[in-house]
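Next come two complexes, and both contain subunit A; in the first it sits with subunit B, in the second with subunit C.
Now for the complex of A and B:
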């Protein structure tokens, strides 16, 4: 009788031990899965931020407030930005903050020929050759940034006729840091 | 008879095991390929970038009578003597722009391709000696067609940018 009892106890302990190990293993898997999910959610959120910045990159180039008008001839059909429009826009950029929702920064920099200095563009002598960048939007810290090339054109006149000159610039947008 | 049955059962189990291993390896390879593939959004972004750069180059105003590079290439095809040598001037400007703008390898060509004429207008500009980025996974091409059957092509092999 006592031998049978002992055997039963050993079997019960064995079952309890197996259950404990199973619970421990299950717990470990759950923790691993939860951590993986958190990592995945963070990765997807970053991807969404980047996709939004990407689409805004295209939208900013197409903004009528910045684009070259038809007076720029064939250049108006490409990714051409009017430097005088850029200057006017950068002076009143607070009014357009909604247009840049989802970004931490948006600016245009002169790329080629290299500017004499990297100063922010403002009204003054020798505009636009006296400066290096136009700030369109700034809010918070950037995690990463994307850029694309743009054609920066300036309308000029020599007293007889109007003409335009173009150079190469870059539109840079910043993707905000997630808290 | 019993030994024969056991042998058969063992063989079946071995085949089953091998099948499972092959299946696991195939699934693993598919995941590896998916992980190594460049996300299409990055390729699209870079493609947009290269196209925009080619547009920018075409409309860049040179010091040659206010003509842009597109006009210089057309003058080059006409073999005109405007600003001494429009072909060379265009090549120099394009080389400088590409060098300051692109980080990876690239090549630039401007050719006239028609039934009566088929030639390079300017000597091809290449950062990589072997040509159009051999062995690279992402090769982006932007092509622009100018009047008189002139074909301008920019090939870029961007340096992959990783976002944090």
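Now for the complex of A and C:
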């Protein structure tokens, strides 16, 4: 009798152990699945951030606050940015922060002819030759960046004829690091 | 303990643990379904916002742009004005994703569709301010009621839509009597006469044209104002809440743009021999009017804004030095 009792108890303990192991395995699978889901959501979020930055490149170039108007003639039909508007914009840029939602940084740099320095642009003699970049927006740290070429045109004139001079620049936008 | 008792205990344990595992699995599966749907709605909301971006910049190089969009499944969209910002909600129940819309999208408050038309039109005052984006269900019908004074503007609207979206032309009919519209089921009736429609548009003036600026009355009794054809079109496609929200945002942007041109006029004034003082005066007036309109849309402020913008445009066109725009 006592031997049969012990055998029964052993069998019960066996069953309990098997069930415990099953529950443990099930729990581990759930944890791995949850971790995988979090990883997947993070990956999609990063993809969306990059798609947004890429989409914003074209939107920023088309912004009426920066773009060359019709008075620039044929230049207004390409990726033309008005350097006087850029300067006015950079001086009051905090009012336009909403336009850059989803970015960590947006700036225009002069590329060609090569600038003598990389200083922030401000009005002065020989503007815009006296500087290297216009900061449009800055918030936080960039994880990666996208850029595209733009044409930077400046209206000139002596009262008898109005004309414009253009050079090549780049619009650089930064994708923020996700916390 | 007897053998039978032990067996019973065995089975009780097995059933208990099994039930816990099954309940856990069922709850997990249902929650996963909800999370997946919500994830899908978040992605749709994010990409809808990105989708509108090209429409917001096309006015730089073209008069407008139109497209028909087909979804793989029916989507529920809700546009709302929250604290002065336009927001898009995708989904329903507890699966709603929310996204702030940076562009100016005019649409009915609620849309449930598989196919929609989207087109854009630049808004100028007198220089380009932004592009307005119009969205509507591909199956939505519009009935425009006109009279002799408004026949031209109705023709302009239909021509604008069909110019950007040929497929949408069949969604629009024009009548000179309201009864003709009532034959269409669920058509949105836009009246440019005294007959009452879902939206009533009354032109109050303009240089040589009656509908350069005026008043809009929506079916809920709420009123707003418009300036220029793009805002008339905005009223055709949107409900009061979205129209009013975006109108105020638009006027804030008009004020901000006047600051950009003000800054530019200061810089140009230092490099050119001509004086840009008159431009600065006009810009200050436009900024003041636009700011007032952004807090309180009113016909009494629309008229001076229209007049000043016309004067500014004429001055710029005839200017002998570098033009401001």
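Observations on the structure shown:
In this text, the second predicted complex is superposed on the first by the 156 of 179 C-alpha atoms of A that agree within 3 Å, B and C clash if a C-alpha of one lies under 4 Å from a C-alpha of the other, contacts with A are read in each partner's own complex, and residues count from 1 in each chain.
Basically, a residue touches a chain if its C-beta (ideal position, glycine included) is under 8 Å from a C-beta of that chain, and two chains touch if they have at least 3 such contacts.
All figures in this text were calculated on a predicted structure; none of them were measured in a lab.
Shared-chain residue A:114: touches subunit B; no touch with subunit C. Contacts of A:67 after superposition on the shared chain: subunit C is touched, whereas subunit B is not. Look at A:101: by the touch rule set out above, it reaches subunit C but stays clear of subunit B. Between subunit B and subunit C, more residues of subunit A are touched by C.
By the touch criterion defined above, A:142 reaches neither subunit B nor subunit C.
Of the two partner chains, subunit C is the only one touched by A:82; subunit B is not.
When both complexes are overlaid on chain A, the residue A:52 reaches subunit C alone and has no touch with subunit B.
Once chain A of one complex is fitted onto chain A of the other, the partner contacts of A:129 are absent, as it touches neither subunit B nor subunit C.
In the three-chain superposition model, subunit A touches both subunit B and subunit C at residues 51, 58. Residues 41, 44-45, 48-49, 52-53, 55-61, 66, 68, 96-97, 100-101, 163-164 of subunit B touch subunit A in their complex.
On the side of subunit A, the complex with subunit C involves touching residues 4-5, 8-9, 11-12, 15-16, 19, 22-23, 26, 30, 37, 41, 44, 48, 51-52, 55-56, 58-59, 61-65, 67, 69-71, 76-77, 82, 84-85, 87-89, 91-92, 95-96, 98-99, 101, 123, 127, 155-159, 162.
Contact residues of subunit A toward subunit B in the complex are 46, 50-51, 54, 57-58, 74-75, 78-80, 111-112, 114, 143-144, 146-151, 153, 163-169, 175.
By the touch rule above, subunit C contacts subunit A in their complex via residues 1, 3, 6, 9-10, 13-14, 17, 20-21, 24, 28, 35, 39, 43, 46-47, 49-50, 53-54, 56-61, 100, 102, 127-130, 256-257, 259-264, 266-268, 270-274, 316, 320-325.
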